[in-house]
Each structure stands twice: as C-alpha cells, then as structure tokens.
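Next up: the structures, one after another.
Two complexes come next, and they have one chain in common, chain A, joined by chain B in the first and chain C in the second.
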Partner chain A sequence: MKKYTTCLKQIISVVLVVIILVGFVWISLLRINHRLDFTTLWGYRYRLWQGFKMTLIMAFASLFVSLFIGSVAAVAQKAKFLTVSYLAKFYVQVIRGTPLLVQIFFFFYIIGTAWGVDNRYVAGVLILSLFEGAYIAEIIRGGLESIDRQQFELAKAVGLTPAKTFRLVTFPLLMARILPALTGQFASIIKDSSLLSVIAIPELTQITQEISADNYRLFENYFFLGLLYFVMTFTVSLITRRLERKYKHENSSE
Partner chain B sequence: MKIVLNKICKSFAGKSVLKNVCYEDDFKALAIIGPSGAGKSTLLRIIGGLLPPTSGELYLDGVKINFTEKELLSYRRTIGFVFQTKGLFEHLTALENVMLPLIHSLQLEKTEAEERAKQLFARFGLEREGYKYPHQLSGGQQQRIQIARAVAMKPKLLLLDEPTSALDPELTAEVLDMLGELQAEGLKTIIVTHEMGFAKRACEKVIFVAGGTIVESGDSAQIFTAPQTKALQAFLNKVLEWRP
Partner chain C sequence: MKKFFVVLAVALMAAVLFCGCTEKKDELVVGMELAYPPFETKDEQGKPYGVSVALAEALGEYLGKPVRIENINWDGLIPSLETGRVDLVISSMTITEERAKTVDFSAPYAHAYLALLVNKNSPVEKVEDLNHPERIVAVKKGTTGHVYAQNHLQHATINALSAESACVTEVIQGKADAFIYDQLTIYRQNQANPENTRAVLIPFQESEKWGIAVKKGNKKLLEQINAFLKDFRAAGGFEKLTELFLAEEKKTFDALGFPWFFE
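On to the complex of A and B.
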C-alpha cells in the first residue's frame, strides 16, 4: 500500500514538472509571438545525421586521447624529476584556468600553423583532448590519493610484482572510485565538442549554424540541437549508472 | 628458526627510528613488545622485507637477506605478514583475497587455489564469510582471513603486527586461538603485541624494544618474571597495572 502511494506521488510529480517546464516555454514563446515549426528541419535530416555522427566521432576519439593524456599528466605530477612534475602541474592549472574557446584559437591558429598540423579533424581532437585531459588528470590524481596506501603494502607483502599490483589492485580500486566522474567527463566532452564549430569542423553545432543561415529558423534549430545533445549525454548517464553498480562493491555498507 | 639482526639502523628523512638493533636467537614463537612509537612495526617490516634498512644485515636460518627489489620479491613470498587493520584487499571477497596470492604469486592453478582456500575457511569456521567483502566482515573475521591468506601460502615464517589491538576482547580471543593452533602445528611466528598474557603463554622468546633499540631480550619466562632493566620493569608495571 505504501509502495503504491509513493509510486503515485512520483508519477504526479513528474507530470507536474513537465507541465511547469513546457508551460513556461510555451508562455515565453507566446510573449514573443513565436510559433514553433519544426517541419523545415526534416529537409536537413541527412546533414544533421552527418553532424551527429561527426560529434560522436570527435567525442569518442577525444575520450581515448584525453584518457591517455590525463593518465600521463596524473602520474607525471608525482614524478621525482621536478621539471616533469612542474610541467604537468602547470599544464593542469593553465588548461583548467582558461576558456576552451581561447585554447582552440591559440592551439589551432598559432601552434597548429607553426607546426604544420593542417588537418582540422586531428587538430580538433588534439585540442579537445588536451582540454579534457587536464580535468581527467585531476580525477585520476584524486582517485589515486583516495586509495589507502596500505592496499599497496599488502600487495607487496603477498608477493605481487609491480605490474600485477597495478593490474589486480591499483586499477580496479581506481576504477571503482573514478568511474562516475570519468563518465561525467565524457558527457562534458560531448558538449564541449560543440565549440569545435569555430574551426569549421562539421559537427552538430556547425551544421546547425549552417542550416540556420539557410532556413532562418533559429529557435527550432537550436532547440533541436539541444535535444540531440541531451539524448547523447542522457544515454551516457544511463550507462554510468549501470557501470557504477557493477564496480561498486566496496565502501558501500548496506 | 635462527634469526640474526646485525646492527640494523633505519631512518626516515634523517630521523633515526631504529638504532643499531642487534639480536641473535633460535625461536619458534617470538614476541616483540614495547611502548608505541618504539619502532616495533618498523623492525617487523624490515624483517618481512617490506622496508629496506638504512644499514645493517638480516639473516634467517643462516641465509643473508639482500634488500634488492628482485630478491625481496621472492623473499616476501616465503614470509606471511598480518597487518594491524585493513589488511584485506577491499575490492575482493574473502575467498578471492586468499586465492589472489596463490594464483598470482605462487602460480597455482585456479582450481587448486580455490580448493586450498576453501579448506582453510572450513577449518577455521569461515565458510559463511567466503563471498563477503571486507567491509561486511567483523574485525576479528578480517584478521582471521588475513592469517588464513598468509598460511595458505605455506610461509616459513609468519609476522603479525598487533593483530588484535583493534579488536574487542572476545574477538581477540578468536584470533589468538587460531594463532595458537597454528603455532602448535609448528608454524614459526614473530608477533608484535600488547597482549602480555599471550606473549607469556604462547611465545617462548621475547624482545623488548624501546626508543629504537632492543633494551632487553630473552626467554619469556625470564622476561616477565624477572625483568633486568628499569625500562622493562617500568613498562611491564604500566601495562599490567590495570589488569585484574
């Protein structure tokens, strides 16, 4: 009986939230006398699909490269050789302390041109990875620091080699701690990739800008753009929850 | 087992923790007692090959232990080590904790490792805890599983660093009972402990460490009934003061 009423309460709440939000947008649109019309978007479906795929490709490629950069930077911060350690710390601080837009311009037009990186897709992935890598480095560093050092002492005591200690102890302990944050970062990568439109990579945002220049339906185009990003990030957060359940056996006393 | 500690010194970042520790004896069960901060854990970790001394030599049964990573790796596989608390891998179940070193350090087949682990669990009444994670186990169970993990590797020497100091009296008893049983079977042990009763009963040799050196050592019968040094007398008075 109690279960039934809480379920009912939940449904009513969800319906209420939807009514409030839709109502708010509706009234806003009425106030500016705008009638939504999504029909013109149908004609651009092929280009939108291309853009959608490009966004996913850029995000996935950046995920892998940034995981690599982030791991290296996290470990390098702890390096005994001070130059390496300072370099890693400096990288993390500067990247986290400046806007992605500035970094895209700086790396693409100055560094990229100077060193002959003229493939904009490669440049895009590298720049985005450099940016996200700094955040991932912090996630990994925090995760490593939160592991009780005695776990490593234990591994030593039972006679594990350093390689096996990493594979059987450090990695699973680290994953259990940072997986939620990492997948959250992947959602950020997806959203941040929209800024790559400024170097004319034909991903979703760039395509939407081009469509807007063509059909002048800015509201509908960007509304739909937001919806597409949300579909991607929401999928990621659903996957996160599943993975969390899989990795979360310790520290969770229930 | 014959042990020789020859002028062992250890300092951390210039701070001297062990000073010229010398000891030589033949023991079955050796207790290390002394006030906290004396350097007992540090000494035990050196004997276990977990920490290289700053200088000095260690011999077990006449064999010199070389403190190079490569030699320590195989040395550690012959020594069991039980930690004071949190001595289990927190991401593994109790059974997996025991099986992991059997498979990955001793290269046993998985089935063989599982069989050996399950036998030990059955013997020590731990069957029902096999599939639990460390946070689901009581402190006493965790310590017994640590001991089971060490014993499963058939070590030539078992080292224990205050294995009961974080436990309630009845849990202390269950851990010490298990240990006593293993000692009776001939397992050689060195235990750092505050349980004077256990040190007296179950260990025939005692080392008293204070201020980073061995102040007094000898047969436990002698040490507890006729302590020679002022420091040991004072220490024993203090720890026994509140006992009935």
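On to the complex of A and C.
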C-alpha cells in the first residue's frame, strides 16, 4: 500500500511540474499576443536536417580532437622540461579564461588566415577542440591527482611495467572518476558548437538564424532549436550513465 | 522561525517581480540596430547617433513625445514590433513584400542600391560573375543582400554572417569573393581598404526603398509618420541630414553620377 501511494505522489508531482512550466510559457505567450504556429518549420525540414547532421559531425570530430589535446596538455603539465610544462599550463589558463566567441574570431580571422587554415569546417573543429581541450585537461589532471599514491606503489610492488600499470590500474581508475565530468564536457561541446554560427558554418544554430531572418518566428524556431539540442545532450547523458555503471563494477574492489 | 523567513523571502521576490510591471510611459520607443554608420551608430559616449537617430528625434518633436532608442540586433527588429517592445523601427530597412506581410511600412523616405565589395584577386567584374560554383559570397543574415544572393546566385556558396565587419574581413582576407551590401557602406569600406578590395558600385537591380516600420494594423501611428515625412521633406529636413552626416558621400555620389538617397 505504501509503495502505491509514493508512486502516485511521484506521478502527481511530475504532472504538477509540467503544468507549472507549460503554464508559465503559455501565459508569457498570451501576454505578448503571439500566435503559435509550429507548422512553419515543416517547410525548412531539409535544411534543419542538414544543420542537425553538421552539428553532430562537428561535435563528434571535436570530441576526439579535444580528448587528444586535453590528454596531451594534462600530461605536459607534469613534464620535467619547464618550458613544456609552462606552455601547457598557460594554454589551459588562457583558453579557460577567455570566451569562446573571442577565440573563434581570433583563431579564425587572425591565426587561421596567417597560417593558411582557410577551410572553415576544419578551423571550426580545431577552434572548438582547442577550447574544450583545456577543460578536459583540467578534468584529467584532477582525476589523475585524485588517485591514491598507494595504487601506484602497489602496482610497482606487484611488478607491473609502466605500460601495464597504465592499462590495468591508472586507466580504469581514471575513467571511473572522470566519466561523469567528461560527459558533461561532451554535452558542452554539443552546445558550444552553436557559437560556430558566427563564422557561418551551416550547423543547427546558423540554419535556425537564417530561417528566423526569413520568417521572423523567433519563438517556434528557437524553441525547436532548444529541443533538438536537448535531444542530443540527453542521449549523451543516457549513454554515459550506462558507461559509468560499467566502470563502477570494474572498480567495486574499492 | 525558519518558515517565517521562507515566507518573507518569497513575498520579497514576488514584490520585486511585480515591480517590474510598471505603467506605460508616454514615449515613442524606436527600434534600430546601432551597427550601421553613419545611419545608426553610437557616439564616443555610447549614445545612439546617426541619420536615423536624428530622424527619430525629429519625429518625436513633431508628435510631441520623448523618444527612446532601443538597440536591437537586426533579426530581432521585426519580432520586437510584433510583441510591442518597440513602437516603430527606423533602421534603414528596405520595404519588401515578405516583410510587409508581417509589418506595415510608411511611405519610402530613402532609396538605396546594392553594390559589391570585391576582393582584389577575385575575377568578379559584375554581379552575374558571382553566380558560379567556385565563387563565395558573404552576406549579412536577413538583409536584402542575403535575399538577392538566395534568389539570383544559386550556384555560389553563400556565407551568411551576423556582422557586417565579419563580411568585410572575409572579403579582405580572400575568404569570400564579394560582399553584397548597400552602395554607401561598400564605398566606405572600399575607401578604408584600397589595397585589398575593389568596389562594384554600378546598380544591378531596381533601387530598394527604405521605410519606417510599425506593427501591423497600427494605422494611427502610420498616418502620423507619413504626415511627418511629408512635412520634413518639404522643410528641407533631408538636406540638413545630408549636410550633418553624409557630406563627403554626397560629393562622391554626385561625382560618380549616382542618384542620392533622399531624392
């Protein structure tokens, strides 16, 4: 009987929340006399689909490149050669400390042009990866530092080579610790890719802005845009929840 | 005790929220995008300045109402009219059939032609040369240049950027063959970048008429605006504006034989 009432409570609460949120948006729309018409989006479905694919491609490409850059930067910070270490630290601090918009303009119109990176898709992926790489570097660094020294001492005592230590000890422990943060970062990559619209890369936000310039239906267009981004990031978080469970089992000895 | 503070906090928040709903002041709210010198821009202190600002203030004087300028980005201008955030839009906006479906336009107060800012190394001589798969066109999102490119330059790659400065930069750096925008701006940008750009100022289509936009159905304000424009023109208001803001450009246009904006 108790289980039934708590379940009922949950359902009622969910319904209430939905009513409150939808109600708030509805009243806001009434206040500005806006007539909703989502069918206006149907005519643009081909371009929206192209934009959706482009966002996914840019985000995925950036994921891999930024993971690489982040790993290198995290390890480089511990390098014995001081210049390398400082370079990595400087990179992380500056990139994390400046807005992506500033970086896009700086790297595309100045550095990119100076060194011949004219293809804006390549430039877009590189800029986004450079940006996210700095955050990933911090995540990895934090993860590495949180691993108990004992683990490494034990590995040495058991006679594991550095390579084996990494594969059997460091990597699984690191994964378990940083996977939640890394997914958050991948969701960020997907959302931050929207800023690439300022250099006219035809991803989802750029397409939506062009459509808005055509039909002025800001509410329908941007609501749908938000929905599409949410679908992408939510899918990512569902996938990583399964991955987290996998790594938790492997480390249950903790 | 805890509950009391919670209730107090909620009451304070509610009070602050409702304070936001003030009564409407009797002022004329004019929307424009302050990114288009010398028509809509800001002075050194950051206050709105330019031809359209002066026109708006003259309108305010005529109607006997104080004027408040709202700086809104280009794509937000028409939606702002629809939702009542601004009363009218004076932003060098071209009257088009598409836009006239959503807003009402005044009688035209100026006319402009589109022109091309071309990269020095590009083979483009006239606008038709752009309609080729190897050509790249930069346009500003939502402008008539963008519409022209979509309708007439289907073979080219069209890059729609949000800022005029980005479009000009792309032409200078050779990332685009040409930027389609109004004659006056193209002329100015060409003057500012003589080593990297050429200007193709010869009109390639009918002139575009600029109008003041009001919310659809706002007949009263529209009539007042049209009456104001008639008076203003008869009193030589547009010549004064030209003298104040566009003296250099008028000389060049006269020398090149192009019709002037306000004729």
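Going forward, the second predicted complex is superposed on the first by the 248 of 254 C-alpha atoms of A that agree within 3 Å, B and C clash if a C-alpha of one lies under 4 Å from a C-alpha of the other, contacts with A are read in each partner's own complex, and residues count from 1 in each chain.
Everything that follows uses one rule, which is that a contact is a pair of C-beta atoms (placed from the backbone, for glycine too) under 8 Å apart; a residue touches a chain by one contact, two chains touch by 3 or more.
This one's a predicted model, so the numbers in the text were calculated from it and none came from an experiment.
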Contacts of A:94 with chain B and chain C, given as first, second, both or neither: neither
Which of chain B and chain C A:210 touches, first, second, both or neither: second
Partner chain in contact with A:34 - chain B first, chain C second, else both or neither: second
Partner chain in contact with A:8 - chain B first, chain C second, else both or neither: neither
Touching partner for A:156 - first (chain B), second (chain C), both, neither: first
Which of chain B and chain C A:20 touches, first, second, both or neither: neither
Partner chain in contact with A:172 - chain B first, chain C second, else both or neither: first
Touching residues on chain C, where the partner in the complex is chain A: 74-76, 78-79, 82-84, 98, 102, 138, 141-142, 146, 159-163, 166, 169, 173, 175
Residue ranges of chain B in contact with chain A within the complex: 48, 50, 73-74, 76-77, 81, 83, 86-91, 100-101, 104-106, 133-136, 149, 153
Partner chain C, residues of chain A touching it in the complex: 32-34, 105, 109, 113, 118, 120, 197-200, 206, 209-210, 212-214, 216, 218
Chain B-facing residues of chain A, complex: 148, 150-151, 153-161, 164, 168-169, 172-173, 176, 249-253
